[in-house]
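We just call them A, B, C, D, E, F and G in the order they show up, numbering each chain from 1.
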Amino acid sequence: MRPEVALPILIPLLFGAVSLAFWRSQRVQRWLGVIGTGALLWSSIVLLDATRRDGYLIMHMGDWAGPFGIVLVSDLFGAIMVVLAAITGFATALYSLASVPRELEKFGYYPLMHLLLAGVCGAFLTGDIFNLYVWFEVLLVASFALLILGGERAQMEGAIKYVTLNLLSSVLFLSAVGLLYGLTGTLNMADIAWKLGQIDDEQAGLVTVISILFMVSFGIKAAAFPLFFWLPASYHTPQVAVSALFAGLLTKVGVYALFRVFTLIFTQEVEFTHTLLLWMAGLTMLTGVLGAAAQFEFRRILSFHIISQIGYMILGLALFTPLALVGGVFYIMHHIIVKANLFLVSGLVYRLRGSYELKELGGLYRDMPWVGILFLIPALSLAGLPPLSGFFAKFILIRAGLETGAWVAVGVALLVGLLTLYSMIKIWGEVFWKAAPAGESAPETVERRSERSRGRDLYFFYLPIAGLAVLTLIIGLSAQPIYVLAETAAGQLLDPAGYIEAVLGVRP
Amino acid sequence: MKTQMNSLILRTTGHFLLPLLLIFSIFLLLRGHDEPGGGFIAGLVAAAAIALYLFSMGIKSARQVLWVDPRNLFGIGLTLAVLSGVPAIFYGQAFFTSQWWPIYLPPFGTLKLSTPLFFDIGVYLVVVGSVLTIVLTLAEAEG
Amino acid sequence: MDTIMALVVGTLYATALYMMLRRSIIKLVIGLILLSNAANLLIFTAAGLTTGAPPLVPDGASAPVGAVADPLAQALILTAIVISFGVLAFAVVLIHRAYEIVKVDDMDQMKDTDT
Amino acid sequence: MIDLLAGLLLLVGALFMFIAALGLVRMPDLMTRMHATTKSGVLGAGLMLLGVALYLAEAGVLARALAIIIFTMLTAPVAAHAIGRAGYFVGVPFWEGTVKDELKDHYDPDTHILASPKEEEGKG
Amino acid sequence: MFLILQPLVYLILSVSLGLGFFRLVKGPTLPDRVVALELIASLTVGLIAAYTFFSGQTAFLDVALVLALTAFLTAIAFARYLEKGGQRDD
Amino acid sequence: MIALTWNLLLALIWTALWGNLSGTNLLIGFIFGYLVLAFGLRDIPEFARYAARVPRLIRFFFYFIGELVKSNLKVAYDVLTPTHHMRPAVIAFPLEAKTDGEITIVANLISLTPGTLSLDVSRDRKVLYIHAMYFDGDEPTRQSLREFEQRVLEVMR
Amino acid sequence: MLLAVLSGFLLAFVAPWLARAAGRYSGWLLALLPAGLTFWFASFLPEVAAHGSILFEYPWVPGLDVGLTFYLDGLSLLFALLISGIGTFIVIYAGGYLADHPDLRRFYVVILAFMASMLGLVLSSNLIALFVFWELTSITSYLLIGFDHEDEKARKAALQGLIVTVGGGLALMAGFVLLAMAGGSYELAELLHEGDAIRDHALYLPLLLLILFGAFTKSAQVPFHFWLPNAMAAPTPVSAYLHSATMVKAGVYLLARLNPSLGGTDAWLLLLSLFGALTMFTGAVMAIRSTGVKRMLAYSTVMALGTLTLLIGLGTPTAAAAAVTFLLAHSLYKGALFLIAGILDHETGCKDFRDLGGLRGKLPVTAAVAALAALSLAGILPLFGFVAKELLFESVIGAPWIVVAPVTLLALASAVLIVAAAAVVGIRPYFGPTVPTPKHPHEAPPALLAGPVTLAALGLLFGLYPALAEHQILAAAARAVHGAPVELNLALWHGFNLPLLMSLVSLGLGLWVFSRWEFVRARFDRHLEPRERFGPERGYELFMEGIVRISDWQTRLLQNGYLRYYILTIVITLVALTGYTLLTRYPVVPTPNLAGIEIHLLAVALMTVLAALFAIITHSRLGAVALLGAVGFGVALVFILFSAPDVGITQVLVETLTVILLVLVIFRLPGMYALSRPRARYRDSGVAVALGGLLVWLLLLIQETRFFPSISAYFIENSQPLAHGRNIVNVILVDFRALDTLGEITVLALAAVGVYAMIKLRAEDRQK
């Protein structure tokens, strides 16, 4: 019994619940927001540390042995994801203190944030496929509510697509779980894997068919090609702190789920399923990055790039070699921090200049060079330039791809890296280097601009951005420990037997 | 426009049915562990009761009869549900391990006080609070 | 009966999808509701159908006599019903608000934010 | 013997339900259809439940059967009242064979307040 | 014992269900459909009664109980909608 | 109300004596309690009225069932035969019932019985509008309704 | 060593503060670091000359075979000395040149980082570390090219340089990985001995092409040469110099470095010598066509880079010697010339040769230095450039037969043109009639002159005493390039031979071209301008535009804003993928199971299906809601009739509440209009039926293929004994799987919060 495993779920749940109960007092909610995410961060680090030491951490909820009760499982991959979620959560909570309008706080901003995190952590830690569905729904509905907070027209239009397509994905997931339950009579993922390991080869085909349902459902959640439509339709519409949280976490839950089921459960016909995944990865990388090239709005560019980077992560899974999985895990770690940070930077730019439109922006490097540096670090990292975090992420994948002989995929990955750089440089050129526009295209006057660049609230912008930038640098400059972590995590992913034994106590 | 229908028959029936439905919902809540029922079903029945009140007597009466703002209910309910999983940890058991504290009340038999019961009560409160928040907010927006 | 129920489930999925593919915003709502019913019924059918044996333990006994229906599947469906109710309530109100704000009922005209 | 009676009750109840359904289809207008469903529906369900209570002969079953019957009798007329009233407001047409309508012109179309004939006279 | 009764009762109820459904689809006005829905709810109670009778499983009476107490809310909601002047596209 | 309270109290004492709080036992206690009260306290008006109401209720119950069946048969006949024999009409029926509760119960019971369906009550609570299926002239229809109302009120008051 | 390489980065960090503290002398202060590094590197000269190479190892990411291993041999030491030595003067120069520039301090940051990156690049033994520094030079150079960032031309040029070099860099990375796969190591120090294994490996050709792609883009070889002159468009001469003379040599360095591992094959010879020669000639032609000071110098740099590539490609010992000699000579004279270009700009405000003339009186020192450097550029006695040029001619005429003809011809032609260019550079601004300039010219201050004077003087020194350079460094460098000891025998005078003849020819023809400069330019322009539309730069532009156009097209196609197409795409994907998998992986036809059919079950099923079907065809909104109610009752009846009381109750209640909700909401919603065209309806029905059919098929398969019994037997047995509840479903919900229920009520609460916010928080109100 390891209580650490449950804490990253229960802490945000409890803080969310208490915040809901204190819905009248925004001051309490703000405090709870920072303390709660801070506590989550602490608990997640404790969890990661313990998992690193002990391999797998198991908690049988309600003391009911697996596969009967719900088992929480922390393997290294899950624990890493939890830490990343907590980091993103804590950063956005700080950022929200200054960036979220007071009237939104009245309508449940902080409780929604906590519960979103609870859903995300739940998804990362559960060892039960139906429970995974439940956590998916928790984070999804929390994201629905966060998405519409503000009630702008664009939010509504975006939300309709977001909600509908995600609902479709959930129903698909649920249906797949139902069919899988009918087939195996169990819900515990380790148990499913164990049982599916015993069936004959002729019947493996049926399992593969079911796995396609999971692939499509998680593909939607991960915003993979050709299932990504909800993301560009909506991610640029909510509060930027919310966008950052979404960008960092939501699609990654889909990716996590793909990693989980396609390493643990559906490994019967790898050459078939993972070839499909490889196609998905390549096309996802390409469409995402191409989508961004035509955009001229800060957040839209970032949104499209999420898609292409999802492709990289799936590539790691699709190649299915130890190194490729390391690359996938490493890429996820890098991406969550960097992508969330870029959204935070976009919000800072908006705070300073009142616009997200590249055409209306400019002159920031002249006025505030440090903001430029805070942008460049995550932006160049996103493009995979060394020695930042994204470089190693990309390098591992490319190396794994070349060692596997996946020439086309590697070619696509390289090209996409170049185009990502192009997009980031486009932002850099327009927002920072270009002189601030004057006259009609300028959203604000010079006086208003200089007024905007003052204010104590700005510290709550700089603090999380700088913190995440430092993390990006650390991951890049001291990649070895991170690599070892990813390597161990990937090793566990490739050893379903170890997972099964840890959860069920049987050695398949 | 008012949210209720201007009907004496409906109003009177509402008055009469409300306590009936509420007591029925508590009944469903408490026996759910043994017979069909439980926090969720009970909560829905209670919410239906208030909805009936809303239709027959209007939003103001419905809010009055509810006495608390439904928005308080789900926060409290959720807190209760989460907390009901915590006591086990003090017994060195996993979260949500059920704890039973049977209380013997001579004429009535045994009251099975337990964490699952508190959990179910939490569920009940959340359901009532959520459904009513949705229904009442919508009804208010109409007028 | 299993086959008949499978057909019912399939029809529900088909009708739900058809409605979701319409342009009228209200048909989307109807489609979503049908879809969640379809999924619940699918789990029920996939888990196996049993008549006349609800998963209840008789008073005083420690286990039901004879075979009973799969309680786990029922619990899952119950959870799924509640979740889909919550989600649907949100979706329905969202569509209602979107219509109020955008003032078109043709989904084709809600495409300004995408590109 | 009791089983037979119970079976009979069940059958008769089912037949009443059938009559209600047939009435719903056959009757010419909303009001007359409601006559069929409200009465036969309640009676049919009630008889069937009594049959069940008689057949199973358990206190719990009897209590629940009675509760259901009472609840049905309590709610069905209210529903009928609400729908009939609403139907009247939105102008659902009466069957052409309807003899007279004393309700006509007594509703205030805006407030939906129903005046009595005396009030109307008082106003002159 | 109820070799004939069981299929007979079920047949009657099934046909009734069909008739009720027919009115539900046919209308012609919304109140007609609502009445049909009410009848379907009643028929559900009847089916539960029959099912309880033949299976001896009394648990389902609870479903009927809940149905009896809450199903009429649907009708009330529709009626309220109409009274509030909601569009009647029937 | 006092009488009912007493009756319930007696029922509880009964169960306490038996030491067994079950529904059946409570019902038995209630019945014995009723009989004891009806017999022992029949000289107190309050209790006498209480005692008298029960037989009336039972009588009304059977009357009502009879009416229910009658009305159903009538409807059934009309439903089952190819032609319609009915003469529907909406009529105004002046109420004797005064309180909201009385009016509601009268109206609801009217809805459940012979070819009548309560539509609405006027604002001044004096008139109940009724849809009658077999209208046979104002007076006969109102007469039978009035008779029914009387029986209901008898039980209620 | 690690500290030496990284010290530039560290200094870059604190440079703004140091510069602020030092004020006017910031350049001199900051130059102390590169100066110190120069001496420090110089201290290794004897050891390298004696032992050949020294290796320094620092771990970085051992798991990925990435380490900060530094490999010091003649080649890397030569580069390190050039970088830190010239860097010293650049920093000093910048302090003077940009003294009044508001962004001087930012400039220091970037230039120091750039210098450190270059050092890292040339010193790294680890391929990945090398690549890291390689990319860092691309980024820092991007920042330098775009230094005048408010000028759009500068931004464009910077972007172009970045895209081309990083694009090449990505290929390089792939090439490196393949190289490591072929050679079995990521360490150059080891790969240098694995030449045979690598050349025989199946991946040799791909990895060669990828690496060459990277090197060629970086070193501005044809057809990627266009970005380099553009990089001169906006920025200061200082950064321009760094680009043309230092960073671009990274590619050449890499080629030289990998020559022992990759060279010696026909592919290597052909690709390098031909592309090199072509680049050399193109650079020379373009140089003579240019009138801008920096532009001409930049093209002459392209020419030099081509020359170096050519020499490395030839693979003979002479060529290796020529390469390192030419490298050193070029760095010296080109450095001086660029810095002089800066002085001219700084003192006169002019950037074009046509606007300059007769300055020798006003700027005597500058003129003298320019003359020395130009003579070296032209390859005239007694300057070091002459030595290099002689070796070049010697190399080309001694080239392998397959390339000897084209490379000799192109080398000679280029030499002619470069002589002319040198004349323009050395004569035009200083002699002839004085041309009035926007600024009144004075002799430049010491900070500006220090660099050119030193570099030109070194050019003269090495010209007079070539053995000095040879013994200190060039011999070791040539050995590193060739992979074996090379006899250099550098001398100013080798007697009359073919190379000397070629030199004389080129000198004569070159001077003739200079005398007819305007005429030659006009002739070139007439022939070349119409063809520039098809040039490689146009290719770059088309590529960039194409990306945006494809992006636009793709976005309009995929992200079209129509929800229904999104759904359609997703469902078609699902059905197609699943169907395909079914066909190929599990082609089993399920047998229908009609056991247990009863009339009432059938009636309920039929009603549910019909209600759903009618719900989709009805035109009445509320009718549809009522039909949904019927579907709900149907589903509830299914639950009830198949033994699920709790689910049945829940379904009934949820159904009722859903209807209430819909009725509350529908009040404001529009009617149900048939908006789609019939064709769309047929298509959608087809897809819908396909989805439904697929699920039926799957369900039937599952129903007949249950692998294992359900675990629910455990719940059935233990619900009462262990969890003290008789309603097994409820016990599962509140005990066995309480976590599910917790999540479920969280969803409900969240939905309520969302609905509340949606209704109560209105954007319109917020704006008020």
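In the analysis below, contacts are C-beta pairs under 8 Å (C-beta built on N, C-alpha and C of every residue); 3 or more make two chains touch, one makes a residue touch a chain.
The structure displayed is predicted, hence computed values, not measured ones.
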So which chains count as neighbours of both chain E and chain F?
B, D
Go through B-G and B-F and name the pair with more C-beta contacts between its chains.
B-G
What whole-Å value do you get for the distance between chain A and chain D if each is reduced to the mean of its CA atoms?
57
Counting in whole Å, what is the centre-to-centre distance of chain D and chain F, each centre being its mean C-alpha position?
16
Rounded to the nearest Å, the gap separating the Cα centres of chain E and chain G is 70
Using CA atom averages as chain centres, what separation in Å is found between chain C and chain D?
32
Do you know which chain G residues sit against two or more other chains?
555, 559, 561, 563, 567, 571, 598, 602, 621, 641, 643, 645-646, 649-650, 653-654, 656-657, 660-661, 664-668, 671-672, 695, 699, 702-703, 706, 710-712, 715, 726-727, 733, 735-742, 744-756, 758-760, 763
Please set out, as single numbers or ranges, the residues of chain C touching at least two other chains.
20, 28, 42, 46-48, 51-54, 56, 59, 72-73, 76, 78-79, 82-83, 86-87, 89-90, 93-95, 97, 101, 107, 110-115
Contacts with 2+ other chains: residues of chain A:
13, 16, 20, 61-62, 111, 130, 134, 137, 141, 144-145, 148, 151, 153, 160-161, 164, 168, 175, 179, 181-182, 187, 232-233, 294
Looking at the complex, which residues from chain B come into contact with chain G?
32-41, 44-45, 47-48, 51, 70-71, 74-75, 77-78, 81-82, 85, 96, 98, 100, 112, 114, 116, 119-120, 122-123, 126-127, 129-131, 133-135, 137-142
Along chain E, where are the residues that touch chain B in the complex?
59, 62-63, 65-66, 69-70, 73, 76-77, 79-80, 83-85
Chain C residues within the chain A interface of the complex
20, 28, 32, 35-36, 38-39, 42-43, 46-48, 72-73, 76, 79-80, 83, 86-87, 90-91, 94-95, 97-98, 101-102, 107, 110-115
Per the contact definition, I'd like the list of chain D residues that touch chain F in the complex.
16, 19, 22-23, 26-29, 31-32, 34-36, 38-40, 42-43, 59-60, 63, 73-74, 76-78, 80-81, 84-85, 88, 94-95, 97-104, 106, 113-119
For the complex, give me every residue of chain E touching chain C.
51, 55, 57, 59-60
